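Look at the two complexes coming up: chain A is in both, with chain B in one and chain C in the other.
After this line comes the complex of A and B, so read on.
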């Protein structure tokens, strides 16, 4: 197992290095002048040259890349050309909101996926309706789903807020649900939860269906297995059969798909955070791209890449634990 | 600088806007049978005012750094300059702010200001003439985009606490416009700057605080989420009924529009798409204001590309554009057709008349001489829907002639600014949907758009004689020379002033003083002037 873990870790580091290299090459070949964005278009050519030098943008690609890696080792991701703040400060402001959104969305996705899978496998009543609704929602582009949700639940019914995180003050951790709970502030907790509902559900729908379908297929296969028939023949109640003999055998593929979808959800925040004005890294990235704010773009890409690779590595490890043959 | 009054919009957001408009329309239709019969929202009773921001302010609200769009709402309500443009008129007129009066020497080198007494900074220290030099020095030190405005200052003398004598290195008739510009130098507490200087001239401190004298203090800055201003109790001027101003950030036009419709937002300044104009113009529930600005829609041609390498080709294309029809079709009431080369009212009497008359036949004849399938690209900034529409219409019209394969193409802001480093990388023509100078001097207009070092001469279409005339005219303020420079540049065929654009402000019915809170240069509202109407 140690060898397996080391191999996965090595592969993750190589992938991240490749990712940063690709970002640097793309920055070099892509048109755009970030210094103009930094100083304003009326800046004199001398000021632009000085700032370009100060930001290290006049150095060659290998020099800039090595400098980036060295700074990265020290936790320095540079200064954002747009906000004029250290990118690490920006990330510490925006990342918690995204983490909160993705965590809640993933939780919703898992619950919906389990319902989706069980309803189909166990032939519950109204199964068709639930599956139909979820499939319909999953086929809609996320921004359409988001706008539809806003129009219905904010504009028409007035049940839910349509934008923002719901904080009147700066939250110590940036995760409002957590902060309000720790402070026993139920009003703030309620407001934060209300603001989370629409974006989290929109973010959760497609992954829920993806995980649910895999889980359902796995359940179907397991439910028709010989040992299940034997368990039923022994007279075990259906719930006990499910809990003891089906769930553990069927959960593997769902776990794998869940890990994959969790990574995708982070990428999906770019659209959802835009529509719901959610103050996360998706929004930060979307605002940074048009002005070629390279340090910000590189940092967010790195964070998303690292998370995606990390989640997949964890899934690999869990699968290896479940099935020792994968260690070979 | 140019300050295109729209934040950069990604293709994601454009797709969102495209889909959201019909959805919002549906929502509006189902909530009331007709917008004209809708019920007005009620005024707040807690002394709070909510002005929605479309997109984050992007840069720190530091007056020496901030050089963008909607964050001016914060800068202009927390800081004040010596002068400003007069509110609620459609001409360029300098008005007092922290200076009550001023004199200018005949050679435009010495500006003497009498300062307002009884003014205090938000840290409680008094405003005196010493602050003028400190503010100018800091602007130079932090090297922001608008540092050029004080680069020509030779000295600031302070014979007494309420007199500041600014001497320039050479005459500059635009200096008062620099000071009146929304991006112009603002007065900052010298004591506060020293106390919070850190290692970056207080730049870090001013990301989340302010040191101004304005009617409001920056009480919280949650980047990307919300900004809050609190009324400054010791403000020298008008005290509004709004003790708190909330500026929540919305990231797409549909969200902010829905919040406004529900009454959660009191006003939106220059942020909604033109397609929403009819809804609010005819609504009994909301007020709609079209307020004057120094902004224009412009068309510039690229002489570095083969298509427009010759002056006759450029001139023929400019004549091909049916300005009246294009402006009316795309911009509607938000704009009026430009008849002058500078912004409206910059040159008294409209002596800077634009002498390009519509005649499609010249370009049509020229097109017939080109090899079949000759390509032509008409560019637009991808964040500007109006520019996109105009570019698309023009491309379709050119295509209809036959022989030319014309396309409209969007470019992100950073790429547009990069064309000056290599104009051959740009499109053949560029439609600028909304752009303007930092201030109301004709020099500020001519320099940024026509001088190759100006910043917004995207394709470096330059005439050294025009540059020389502008540089001479700014020293003396010679209006005739400004007109000569403009007409000479126009004759080169690179430039067409398409329309005079207006700021479209929508507000709840109960919000008063909107027009009175706006001036031609600011493109934002002075919150202290806003009121609650009965």
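After this line comes the complex of A and C, so read on.
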């Protein structure tokens, strides 16, 4: 197991380095000039040269890459051209809301995926309709689902709010659900939960179908396996068969797909946050793109990309725990 | 090997494809492929078919769908939504085809070289491919497009850079399994040169798998492109584009819902047809073998 862990960790570090290298190369070939962005178009050549030196832009490329990595390790991701604040400060403002949204959306996705898989494998009647709806919804662009959700549940039915996180006070962690719960403020908690429902469900649908399909096919394979027939033949109750002989065997592929989809959600959240004015990192990214705020774009890519790589590494380890045969 | 045997590839080709098939009859499958052809024709002739100039305001502001002169209505400055949507379909469809073609070309090249060479070159190329496969593709594509400057060409470059590894794996796997077949052994023994061996005896066997993979992938690319266009990585105003047109009209949703919703429904239809058509192609080709 230790060898497996070390190897997986090594692979994750190589991937992270590759990601930083890509971002660094993009930064160097990007047409936006950071010096001009700092000093404005009317700066004198001497000022520009001085600033270039100060920022280390006159050094050779390998030196600059090493410096970039060192800064990264110190949590220095540069200054945003748009907000004129350190990007790290911006991120710490916007990241919690995204984490909250993605975490809740992922939970919803897992529940829907299990329903989807069971409805196919065990052929429950009512869930067949749910499966068809989910399949259709997963083919739609997320922004269309979001618009449909707003029209139906906000404008027509008036059940759910359509924008924002629902906070009128500043929250210490930025994760409203957690804060309000810790304070015992149930009104605030209810408002936060209500604001979460639509964006989280929209974000959850495509991953739910992807995970559900994989789970379903691995359930199909497991349920027709010889040892299951034996278990049934010896008169074991169906629930015990499912719990003892099916679950652990069938969960592996679903786990790996779940990790991958959690990673995809970090990209999908950009669109969803924009529709629902969710005060997260995706909205921050979308605001940075039109003004070519490269430090901000690079930082968001690095942070979300690092999450993606980390999640996939953890999933591989979990998979090896669930199925020791993979641990070779 | 089929696409769905490989656990990593199943991740991508698993929306409609990848299961046990739709179980639809052959004629239904031909009809679905026909829909694919129809959409392509619609995209080719979009400019001829659109009733008005998509960029010039020509009618009432915010006319609802079903208006006498404007079947799908008009937007906030009086541009015909049907014309804008048709032009947008043209852009989206050809852009998606271009991305898939680039993936097939780059990935196919790497896959064939790796599969035919074997040994050190094979394992080096596949290590490189797996590295790219493990990167967060969408995020890297966003970073590339945004740093080169937000426009459609750069978005296509960004997606193409991260899109080929799937194809490299598929093609390499297929080449390896074909290379072990008796007819390739026989050709080798007969003294056939490597060029002829690859192009006459191996590549033709790879084509069906590659076509199935590509057709199942078009829907994914359509959705991804619409999403990137939505967050501002597409053509600039006033060019018609499906994702961006929705994003620009978001504040009209509750007053004139059709302005943001019509382009979104066009994306839904494109992605639906691409997925069903891709699945139909897979079923038809599988039946022929």
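In this text, the second predicted complex is superposed on the first by the 281 of 328 C-alpha atoms of A that agree within 3 Å, B and C clash if a C-alpha of one lies under 4 Å from a C-alpha of the other, contacts with A are read in each partner's own complex, and residues count from 1 in each chain.
Basically, contacts are C-beta pairs under 8 Å (C-beta built on N, C-alpha and C of every residue); 3 or more make two chains touch, one makes a residue touch a chain.
Just so it is clear, the structure is predicted and the values come from calculations on it, not from any experiment.
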item: First (chain B), second (chain C), both or neither touched by A:158; value: first
item: First, second, both or neither for A:279, with chain B first and chain C second; value: first
item: Which of chain B and chain C A:93 touches, first, second, both or neither; value: first
item: First (chain B), second (chain C), both or neither touched by A:82; value: first
item: Touching partner for A:270 - first (chain B), second (chain C), both, neither; value: both
item: First, second, both or neither for A:305, with chain B first and chain C second; value: second
item: A:292 touches, of chain B and chain C: first, second, both or neither?; value: both
item: Touching partner for A:51 - first (chain B), second (chain C), both, neither; value: first
item: Set of chain A residues, in rising order, touched by both chain B and chain C; value: 31-32, 143-144, 147-148, 150-151, 155, 270-271, 274-275, 286, 289-290, 292
item: Touch list for chain A against partner chain C, complex; value: 11, 14-15, 18-19, 22-23, 26-27, 29-32, 135-136, 138-144, 147-148, 150-151, 155, 209-210, 213-214, 216-217, 253, 256-257, 260, 263-264, 266-268, 270-271, 274-275, 285-286, 288-290, 292, 294, 297-298, 301, 304-305, 308-309, 312
item: Chain B residues within the chain A interface of the complex; value: 1-2, 7-10, 12-13, 15-16, 19-20, 23-24, 26-27, 30-31, 55-56, 58-60, 65, 67-68, 143-148, 203, 207, 220, 222-226, 248-252, 254-255, 258-259, 261-262, 382-383, 412-415, 417-418, 421, 425, 438, 448, 453-456
item: Residues on chain A engaged by chain B in the complex (per definition of touch); value: 31-34, 36-37, 39-45, 47, 50-51, 82-85, 90, 93-94, 143-144, 147-148, 150-151, 154-156, 158, 162-165, 167, 169-170, 270-271, 273-277, 279, 283-284, 286-287, 289-292
item: Touching residues (chain side chain C, partner chain A) in the complex; value: 7, 10-11, 14-16, 18-19, 131, 134-136, 138-140, 142-144, 146-150, 219, 223, 226-227, 230-233, 243, 246-247, 250, 253-254, 257, 260-261, 264-265, 267-268, 271-272, 275
